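In the two complexes below, subunit A is the common chain; its partner is subunit B in one and subunit C in the other.
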Partner chain A sequence: MPADEALSRREFLGRAAKAGACLAAAGAIAYATHDPEGPGPAAAEPQAAALPDFSIPGLGKKMGIGHGSDRARTLQLTLQALGGIEAFVRKGDRVLLKVNAAFASPPMLSATTHPDLVAELTRLCLKAGAASVAVTDNPINDPASCFALTGIAQAARSAGADVILPEERFFKPMTVKGAQLIRNWPVLTAPLAGVTKLIGIAPVKDHHRSGASMVMKNWYGLLGGRRNIFHQDIQTIIAELAGMVTPTLVVLDGTTTMIANGPTGGSLADLKETRTLIVGTDQVAVDAFGATLLGKAAADLPFIAKAEARGAGTADYRSLSPVEVSA
Partner chain B sequence: MSPIIRPASAARPIERRPGPQTLIAAAVLACLLAIAAGLVWTQSRFNPAVVNFLQGEAARVRGPAAAPAAAEPILPLSEGMSALTPAEHFDRETLSDKIDGKAELYLSAGFLRLDCQRLALAAQPELWVEVFLYDMGSFENAYAVFSAQRRADAAMLDFAEFAYRAENALFFVHGPFYVEMIASGTDERLRASMDALARAFILGRPVAQAAIAERGLFPKTGLVETSISLIPADAFGVAGLDRVFTATYRKPAGAELTAFLSRRSGPQEAAALAGAYVDFLKTYGGEVKVSDEPVPGGAVVAILDMFEVVFSQGPFLAGIHEAPDRDQAVTLAKELAAKLEEVPGAR
Partner chain C sequence: MSIVTARRISQVFFAVVFVWFCVASTLGDLPWQLRGWPVNWLLELDPLVGIATLLSTRTLYAGLLWGLATVALTLVLGRVFCGWICPFGAMHQFIGYLGKRRKKLAAQLEANRFRPAQAIKYYILVFFLTAAILLPDGWLSSGSLLTGLLDPLPLVHRSVNLILLPLADRAGLGPSPLPRWYEGAWLIGAVFLAALFLNLRVPRFYCRFVCPLGALLGVLSRFAVWRIGRTEEGCTDCRLCERGCEGACEPTGRIRISECVMCLNCLDECRHDAVTYRTRPSAAGEILLPDLSRRGFIVSAVSGVLAAPVMRLGGLTGPNWNPGLIRPPGALPEEAFLTRCIKCGQCMRVCPTNVIHPAGFEAGLEGLWTPKLSFRAGTSGCQHTCIACGNLCPTAAIRPISLDERRGRNEFSGRGPIRIGTAFVDRGRCLPWAMDRPCIVCQENCPVSPKAIFTREVFNAVRTNAPLTVKSVDRGRIALTSDTLEAGRFGTGDYHALLPGGLRLRITANTAGALDLERPLDGPEAPPAGSPVAVQVRLQQPHVDPKQCIGCGVCEHECPVLGLRAIRVTAENESRNPHHRMVL
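Let's turn to the complex of A and B:
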């Protein structure tokens, strides 16, 4: 504006009003088009609904602790103390066993679910009348190598279970309610289709980042994508996984515990014979007891308190009055 | 209220009192600032999943671990061995695709690259060895990850300064490389093959001689020689406390003490770090008695039924970590201080 032209108050207010209206319009458009979920497949493909609740209504919380070196025998006795496998698996059930097959390492290193447990649990489920048993995981290393070298694939198949190796199409994006991390994240959902019972089976291991890897950490194998970024907040991701999955039963194998250099280990010197197998319906309680096999308390592992706070179970495993048996 | 818009040619000075235009302009700027603050706040809570999707990797099952297979073995094969699987290669970005949660240990120690491969006895492919060649960038970095994972009561080997054998595996440092060989079993033939592979690797890759001077700075009495370790970062849970050497001492009656030392850029940094560490301990309930000065300028901190001795000696931060007995800790701290005094420039 030429310097010598005066601007009347009316003109000024009129222009200010127009500027304000433009600002308000821009803000309204931005607000209307804002996507709080961010870019993701939500726009391109439907998200998977929350995972089903696989717990058995009315069964309550049960926990058994078995002592012995023979995994199959200890599993049998511990389940018997809880009412038998029939208390958890009924005729016609379609059972999915979520194992830890994370690494392509031999069973003797105890970095993965032991094949003896996979075989025995498969056998027990089929004996109880299960229509089918399948075994799955999304390993860290190459899936085919992991299932082969851990002995899990052969054990599962020889006992009558199907082995489901992850494929890209088996994942669907999922958001866990109230989660900070599992939002629009690919989750291995296809093997769960039609499943009526879900059982998690994991070894007790030291873990460099989280302090321990047990049954709740085992659900990490249901995640796809570049999940390693979750290591930056591993305590939270484990708790969110516990909130995402409500299993029928979990089996924590502390027959041999990896007490150092986890989660991969590598040396037999990293292992300790702890001769304990925990079976339960409350995954938080089972992990809380599992911590003791690593010489830790539940309070030493923040993910346990976080999972409890999310309502996934109780850290006070004694409140479940666990049944103890010896093989 | 006086109008604030006047001809520029006006002779008298322009009034600077704020009027409606100034106030509205200020309001507009405030709105813009609020929007910018909102953007910053939202970005700080950015869901990492979005990064994944933006990179077009949302449903990807496999990470970059599936690098193109290499035809050549990653190290010279000994007689009777053959490659069972293609070589795999991992960098800082993809290391966790191979070793999951243990990656942080290597990354914090300066990890550059991992090559690994399974090699089998040609006559019995079910007997195999997986070889992990970690390029850590320097001898000291390789020593850090070696010492952090050293297995107790392992049999030391003679073909490298830092090498040992476990029942099913073999671990050693060679120049900037930390090498693990993990067998599928405990068969004697596998052990012999691992030995041959290790020796061939060392012969095939000459490296400059290197030494870690700090290992010689711990007092010898009661020292468990194989316990000396290097913590590359965040020692004792303290952010910024890096490159800390620790050593275990066995005292009469079975007590164990852990001494530590870290060479810093100079006395000032060492003293400042010692003070910061004591402050850190205080924030977690540590108590310092004024009379407790085990060495000039040092402190004994009582915390959680244990004792922490912290001091600086020339360019060294040093002390005793989580000692169950105060007097034993102070005695060892004095011995450590005396030893450090012998270092030129450390007085």
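Let's turn to the complex of A and C:
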């Protein structure tokens, strides 16, 4: 249209219609997206949820203490004394082994679950007919390095287990019923999906803050986020973890005990041969006995009484009349 | 098969090899991981790395000998490396192709005409090489290796390793088990994207105007036995040969040998077989050397020679060293380090804990993109059982140390472990020191034996609303005269009741007005009504033993004071610079 020509009616109407349509569209978008409130406070805490109970109903409490320096052999004998692995793992079970792979250090330093135990337990579970065995942990050091250097990944894979490295998406915020600390906190739940049997395997270690790191402390590896904050109330967090997890079985490896410089160790001088392996269904009782390998009594470790108070087990391991075997 | 197809196959092949090497630089022994793959090979083939480090260190380190192969190739055949091998060149060529494919012939010819600014790359090269020269001892403070800033192989390795792969990680397609962080990645990404997108303006922009390696090979190609050139007869001056000319070397006229990247598009385009690759010079004449002005050359060279001494006036390699700059274990003393590091990012890529990051200006301008440790990002501190970075470093800026040397074992037991710094507790931020909260996560995670972090136990009186007074004692329970306590607070196992006479017992539970103790109080122990009782918290306060601390930063990484950590590593006492020694 030449500049000096007046706008025709048709053109004016056309232009007005387009402008009107644009305005209507802008108005519709503004209306549809208008948020008069703005963002509110953070979403409420998720409802308290529980992890599945992995204990075997009707089995009762069992505990076995094996003596020997060959971990695989001692594990076999101790399990036999408790009725064999078949008493705990049945055909078709999907088993998860929660190891302690916290540090990127070699097996000889005993700062992590020994690969021989992982391999042997995997083998036994598969022999008993388990459909699958997986191994997981959320370590402190770099996860891939930890699983590689501890020998756990290699041992697990060659025995036929899957290794699940923790990824961000495997964690889900959880609130544990009655817990003061595990509230809206990320927990490594994805590896537990579909699992029917959960077995914890941990070494006996000195721990400067809590007094000892054994099977109950090992569940710390199911927590995500900046979990170090819980060290401010370590006894309570261990007890809450024991309350959160009801395993099928726990294995506490005191073949060598880290008696000093724990929980990292780093030198053979930090270790002592104690030639003892404890297998049991009651994690509190197993830890109560484990304390003796460190030269402590259950009463020296407040988390044991706290876990007992939460109903996670009994500190009086003698009441379970543990079976003792020697390899 | 036409020669151009062969060139494309070669470019794709080397690009695939390059990407594969980048992916394979993942620590591990799976087939796709590092194992023993020669992932530095393309960097080693880059003769600018070899020549520049030769000038700065007077030695040619290990695999850098491969650069000789490229030099030989260039001396015989011309810049084949640029046109057939360089993965960065292949990226430029591909994007340049996208930019010009719909353009008219005239526009394509315009894009590929020679521009005098192509001389800039030679000035850059002269500046970098003269800056790298290590003058005889006592002469200024020389030998700053800056080539890595723009050398295409380090640049493309850095860009893919620190930008593209981490992005792929986040999309779930990358090689790392956990997404990776790299401080200051934006600048590396910006340089990379700018270099790529400039091809839309002028094809192979980077190669023509910037690339110091291209400049080096351009100079070497003056002796090339075989060259591109015009035959004596047949040319109709149609200029079709210049349509796809990647180097803008003007094959129609007097061909500029130093600019020719051996893309061979001219051979393919010529309808009259008037362009050949032969030993005789072009019938239209040749321009063998780049068009450098004497003045420009002198300016670049003098600037280069002065660059290192001027940059070092800041004192970062001397008394004003930056304590926040933690170099990886095995890194050379700072001045020697700066004569070798090409900023390729291989150490940052291979580091299993993602603790090595590209420096900003912490090490000065010349230290841009050199490795530094950042203990907040990453999945752990620097694992003292790991020696990956030094064993991958293509120039030994980080020496290939053994595990024994790192740990100070066996033959190295006399020297002690390699220290990269020392941890310091910030008592104003540390929970047990400043906030009466038990913690010692740092002590727990200290990986050396005996631990470098040890604790001293103290009992501090807890802040209560009012002084506490005993009302009555029933076995292990002390009832108080007031109901002022927070119920349950003191039952964590860390709190103790201090009774008159100094008896201290652990509290197992409390209500607002009563304390439960770990054991019953017998007769004389029981305090009489009206006596004071104090609640104390048992704290283990961390201390660092500098003799044991190796500066690995695991403590700093794990510290629950997440912002500015309450225990931090600085470069004090690092082994590589003996004058940073802190204690006797």
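The rule we apply is simple: the second predicted complex is superposed on the first by the 278 of 327 C-alpha atoms of A that agree within 3 Å, B and C clash if a C-alpha of one lies under 4 Å from a C-alpha of the other, contacts with A are read in each partner's own complex, and residues count from 1 in each chain.
Basically, a residue touches a chain if its C-beta (ideal position, glycine included) is under 8 Å from a C-beta of that chain, and two chains touch if they have at least 3 such contacts.
It should be emphasised that the depicted structure is a prediction, and the values quoted were computed from it without experimental measurement.
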Q.
Once chain A of both complexes is superposed, is A:298 in touch with subunit B (first), subunit C (second), both, or neither?
A. neither
Q. Where does A:51 make contact in the superposed view: on subunit B (first), on subunit C (second), on both, or on neither?
A. neither
Q.
Under the stated touch criterion, which partner chain does A:142 make contact with: subunit B (first), subunit C (second), both, or neither?
A. both
Q. Counting only touches as set out at the top, which of subunit B and subunit C does A:105 meet: first, second, both, neither?
A. both
Q: Based on the superposed arrangement, let me know which partner A:226 touches: subunit B (first), subunit C (second), both, or neither?
A: both
Q: Kindly classify A:235 by the partners it touches after superposition: subunit B alone (first), subunit C alone (second), both, or neither?
A: second
Q) In the superposed arrangement, does subunit B or subunit C reach more residues of subunit A? A) B
Q. Between subunit B (first) and subunit C (second), which, if any, makes contact with A:199: first, second, both or neither?
A. neither
Q.
On the A-aligned overlay, A:183 touches which partner chain: subunit B = first, subunit C = second, or both, or neither?
A. first
Q. Is there a shared patch on subunit A that both subunit B and subunit C touch, and which residues make it up?
A. 103, 105-106, 140-142, 145, 149, 167-168, 180, 207-209, 226, 228-229, 231, 234, 260-261, 263-264, 266-267, 269-270
Q. Which of the residues in subunit B come into contact with subunit A in the complex?
A. 3, 5-9, 20-21, 24, 28, 31, 46-55, 57-63, 65-66, 85, 96-105, 130, 149, 151-154, 166-169, 171, 180, 182, 184-186
Q. Quick one: in the complex, what on subunit A touches subunit C?
A. 103-106, 140-145, 148-149, 165, 167-168, 180, 207-209, 226, 228-229, 231-236, 260-261, 263-267, 269-270, 299, 302-303, 305-306
Q: Provide the residue numbers of subunit C that touch subunit A in the complex, in ascending order.
A: 27-28, 177-179, 352-354, 378-380, 383, 385-386, 431, 437-441, 443-451, 455, 488, 492-494, 506, 508, 518, 540, 554, 558-560, 562
Q. What part of subunit A is in contact with subunit B in the complex they form?
A. 3-7, 9, 12-13, 16, 19-20, 23, 27, 38-41, 102-103, 105-106, 108-109, 138, 140-142, 145, 149, 166-168, 170-171, 173, 180-186, 207-210, 213, 224-226, 228-231, 234, 260-264, 266-270
